[in-house]
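As structure tokens, here come the structures.
Shared chain: chain A. Partners: chain B in the first complex, chain C in the second.
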Partner chain A sequence: MFYQTPLKTAAILLLLTAALVYSLVAGFFGLEVLTEVAILVIVAIALDLVAGYGGMISLCHGALFGVGAYAFASATVLLGWDASIGLALAILTACLFAWVIGAITARTHGIFFIMATLAFGQMGYAYVFESRTFGGDDGLPGVPRLDLSGLGIDLNDSFNFALLCVALATVAYLLAAALLRSGFGRTLVGIRSNELRMRALGLPVWRHKAAAFAISGALAGLAGALAAQHTMFVSPGLLHWTLSGELLIMVILGGLGTLVGAVVGAGLLVFLKHEVARFTEHWHLVVGLVLIAVVLGGGRGLYGQAEHLWERRQAARKAATAAKETPEHA
Partner chain B sequence: MTADLSFWAIQALNALQLSMLLFLLSVGLTVIFGLMHFVNLAHGSLYALGAFVGVTAAGLAGSYWAAFVAAPLVVMLVGILLYLTLIRRLRSAGPMNQVLVTFGLIFVFLDVFSIGWGDIALGLAEPELFSGRTEIFGIVYPTYRLFVIGVGLAVLGILAVIVSRTQVGAVIRAGVDNDAMAACVGINVERVFFWAFCVGCALAGLAGVVAAPVLSVTTDMGTAILIPTLIVVVIGGLGSLKGAIVGSLMIGFVQTFGAVLAPELAAILIYALLAGVLILRPAGLFPARG
Partner chain C sequence: MLEAQDLRKSFGALTVTNRVSLEVARGERRVVLGPNGAGKTTLFNLLVGELPADSGQIKIAGEDVTALSMDARARRGMARSYQKNNLFSGLTVRENLSLSAACAQGKAKTVAMDSLRDAGVAETVREMASLVGLTELLETSADSISYGARRRLEVGLALASRPRVLLMDEPTSGIGPGGIHAFHALLRGLPAELTIVIVEHDMDLAFDIADRVTVMNFGEVVFDGPPQAARESALVKDIYLGTWAEQP
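And now, the complex of A and B:
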């Protein structure tokens, strides 16, 4: 069950402050990294929504992300539409694609669900890779950014674009938190805990699963559109299953099913990659070993472990006060 | 017309060769899936390891046959090491943790290959005995590729006999069908799992060394073949030998003929096939469990 605990609020405020302070002191390269993290945070939140709270371990979020990026790029580059329409189209396309995947795979569980999502994701990858319309494996260059000059903001400046991404990541967190606190969110967690019981209670389970997947897909699509604008280029690699795997790694490193963990994990993985890359080109080895260590060590992740300890302390304190009160009552 | 016919015959042989490669990989994976309920994404990396070990062994001994023997053995040893350190612990950890740890292993293997053998594509010379071309049924076809098909068919035959006619096979089938019940009637299920896992790893290594002369040996060859292998396993049904055979043939032929007949659609076809099977028969075409 999701609660916006004081610890979560504190962690989010801390991370947001860190991001803002960093954006003021960082140079060009730092701002690029910050933008990358903010975009990945949005997809990681989208993934945590379905994987952590809905129990649907998806291996197609990379593809949803890529579909968003390609929808944005084709609307703006191929069709010459305005970037704002492209953004809406990206969110809508990814949302629709995700709904279809969610609806079809709703009956499958465990490894079959993982495989099915993998298949749909790879289908998207293979299609884009082979398609001449979408530029095949060369991708589509020359993707424009949103035009906010009406508000006096130039998004081609990396500082402004980084701030936009951080702001949208914050909005994504608030949206996800609000959704999980709603009746729909509670239902979703109910399905994860005991799907049979939810079905016995008369709930159309597949419809809820598909809806959750669609919402998650919309967020991933938004992130994809931002990524396309960030690099101003899209390539089929955005849809590849290894990206979906990396997204899953982020959520696990931070802490699955905590929402804040997704934010922490996205930052952590990008940080690890860049820091390790400074010493050796073999970042895969380090990330792989860290991942194995985290999963074997209980799999709570960095923030997940912190939250676990905090909750245990809270529970102990509550028990202590209760114990103190009992003699008086007795 | 004869030229046309021979073209299709060559395509059919190509498809058969791909199928046999996929079979060698998927049969190990399906038994690991079906018996141990373990999702091993690193199976493709073991295949790549087989190819790399093969290149080194052939370089040291100066003969392809050294590689042919060494690769399965070394890969099996690495598999045993993985089993003892990681996989035994993850047996009951749920599919997500297994996916994550074996995904981490893919990363580790990628860099181990790139550190140990470099990022340049390597080649392995085919054995002299099977070099050149052979004429069969009026078509000329590389002899080594016929050898690949032969190895696949031989393994298939041996496994089919073992699984359906021997006591070991009966024990394996019992373990796949109901491991708790098998344990109750006195079968050491844990030991059966272990040996099945070893054989699966050895076959992955064998597939790697057999594929090496046909394809080039690169660090990402494992990740490239992993997805088709997983598709074979899921389409065929987890733990089913028959499923692995039929699945390999389906994917091999669909992929090869798809590339010839409808190049734009070919890449999507196998995924569409998988999606279709998962929707209509979620347990695969030949589910091993009743």
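And now, the complex of A and C:
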């Protein structure tokens, strides 16, 4: 079950502070990287919600991200609608797509669920790739950013846009944490633990899984809309399954089913990508080695391992206190 | 309260339950007996909707539920405990019981509040933990408690959903004599209006609690009557003890 432990709160505050301090000292390139991380954090949280807490290892979250990006680009570039309407449309479209995928795949498990979500994702990719309306493999350029000039904020400024993405990533974390602490979230964990028993207790499990997938899709759609604004361009690569794979790697690197791990993993993967790429173009090899090390090291991920050690220490302290309070036998 | 009419289930050429009928009154304690492979667990699976029946009809409080899903039947008051522990692994005893109570109290889908902190859910958890003797273990992981405690939690999960009909599949399997005595006491403490169907191999427990006994063999009901009649039935003795063939 999800609990917003002091360790989680401290880690999130530390990461948020680091992001804000970095935004103040970073140059243009640094702000671009920070924006990329914040956007990936949102979609990684979306994935951890269903994979880590609902047991639904999805390989279509890249596609949901892409659907959000394309919905935003279509609304603003093709239809000329305001970017704020585009943002709402991106969230709603990805949410609806995710609900349909979730409802259809909810009765499948394990490898079959993974393959079904992969198939849905690749269908989306293939459609966009071949669609003239969406620009085919050329994609759609000229995507505008939200207009917050009424508030005196120019989002074409990298600093402002980075801060907006960091703020929305924080909101995404708070929303996901609140959801996981609700009856809905507790039940989702129950489904992950024992789906048959949840059905035996009277829960229409497929509806719950589809709803969780839809909420996750909405977050992925938000991230997609931000990505479209960030690069001001969308292309079919946003829906490709390799992005879904990278998202899974992020969540596993940080710690599946910890929520904070998704944040850590997204930051770590982007850091590795940019830092290692300075020395070699084979940065994927390094990421692969780190992933293997994490999996062989217990599979808890970086934050997950820290949380595990912290919980063990807490338990040991509690046991020691209880032992002290228990009167010795004569 | 619970009616089954001519239930039939086959797996390929093997007929596991054949024309099984059962009528259990409200508040009745019905014990289902039979040797291994008699079709008792399959009958439970058919009653709760875990398996679809090939033919036949199932009613709860007069309502035909044959076409309903497992979760829909549970929402009409049908609960079960399993022969092999079927708990929420990785969660504490409190979290296990909370999931069941939240489902029964309509708090499993809300995003507005934490079902673990809800007063109604917490009260049910306290009550059920006390009933099945797990109060001291509420914060312990269900994976770390003893086998006997897990058997009690198995029953506690079913009870926390406040069922009208409770099906218990060998609730004392694998536990020692002390645990069986404790289970006797637990059963006696359950509400009189609760309808219970129980598969049990412990004869003392079975005859102690039963208002009526149903005996199954090779997928069919071969005896249905009061416990005393079951005790005296040559057929029941034969099924349980077998017949020694006289040596020539």
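Assume the second predicted complex is superposed on the first by the 327 of 330 C-alpha atoms of A that agree within 3 Å, B and C clash if a C-alpha of one lies under 4 Å from a C-alpha of the other, contacts with A are read in each partner's own complex, and residues count from 1 in each chain.
Please note the rule applied: a contact is a pair of C-beta atoms (placed from the backbone, for glycine too) under 8 Å apart; a residue touches a chain by one contact, two chains touch by 3 or more.
Everything numeric in this text was worked out from a predicted model, so none of it was measured.
Superposition model on chain A: chain B and chain C are shown accommodated side by side without a clash.
In the overlay built on the shared chain, the residue A:171 is in contact with neither chain B nor chain C. After overlaying the two complexes on the shared chain, residue contacts for A:208 are found with chain C alone; chain B is out of touch.
With both structures placed on the common chain, the touch criterion links A:13 to neither chain B nor chain C. For the three-chain arrangement built by superposition, the Cα-centre angle with chain A at its corner and chain B and chain C at its ends equals 80°, in steps of 10. In the superposition on chain A, A:131 makes contact with chain B only, not with chain C.
In the superposed pair of complexes, A:21 makes contact with neither chain B nor chain C.
With both structures placed on the common chain, the touch criterion links A:186 to chain C but leaves chain B unconnected.
In the overlay built on the shared chain, the residue A:198 is in contact with chain C alone; chain B does not reach it.
Of the two partners chain B and chain C, more residues of chain A are touched by B. Superposition on chain A leaves chain B and chain C with their closest Cα atoms 10 Å from each other.
According to the touch criterion, chain A has no shared surface contacted by chain B in one complex and chain C in the other. The touching residues of chain A, when paired with chain B in their complex, are 51, 57, 59, 104-105, 107-108, 110-112, 114-116, 118-120, 122-123, 126-127, 129-132, 241-242, 245, 248-249, 252, 282, 284-285, 287-292, 295-296, 299. On chain C, the positions that touch chain A within their shared complex are 48, 50, 69-72, 74-75, 79-80, 86-91, 95, 98-100, 102-104, 107-116, 118, 157, 161.
Every residue of chain B that touches chain A in the complex is listed here, in rising order: 33, 39, 86, 89, 93, 95-97, 99-101, 103-108, 110-112, 114-115, 223, 227, 230-231, 234, 238, 263-268, 271-272, 274-275, 278-279, 282. In the complex of the two chains, the chain A residues touching chain C come out as 1, 178-179, 181-187, 189-190, 193-194, 196-205, 208, 211.
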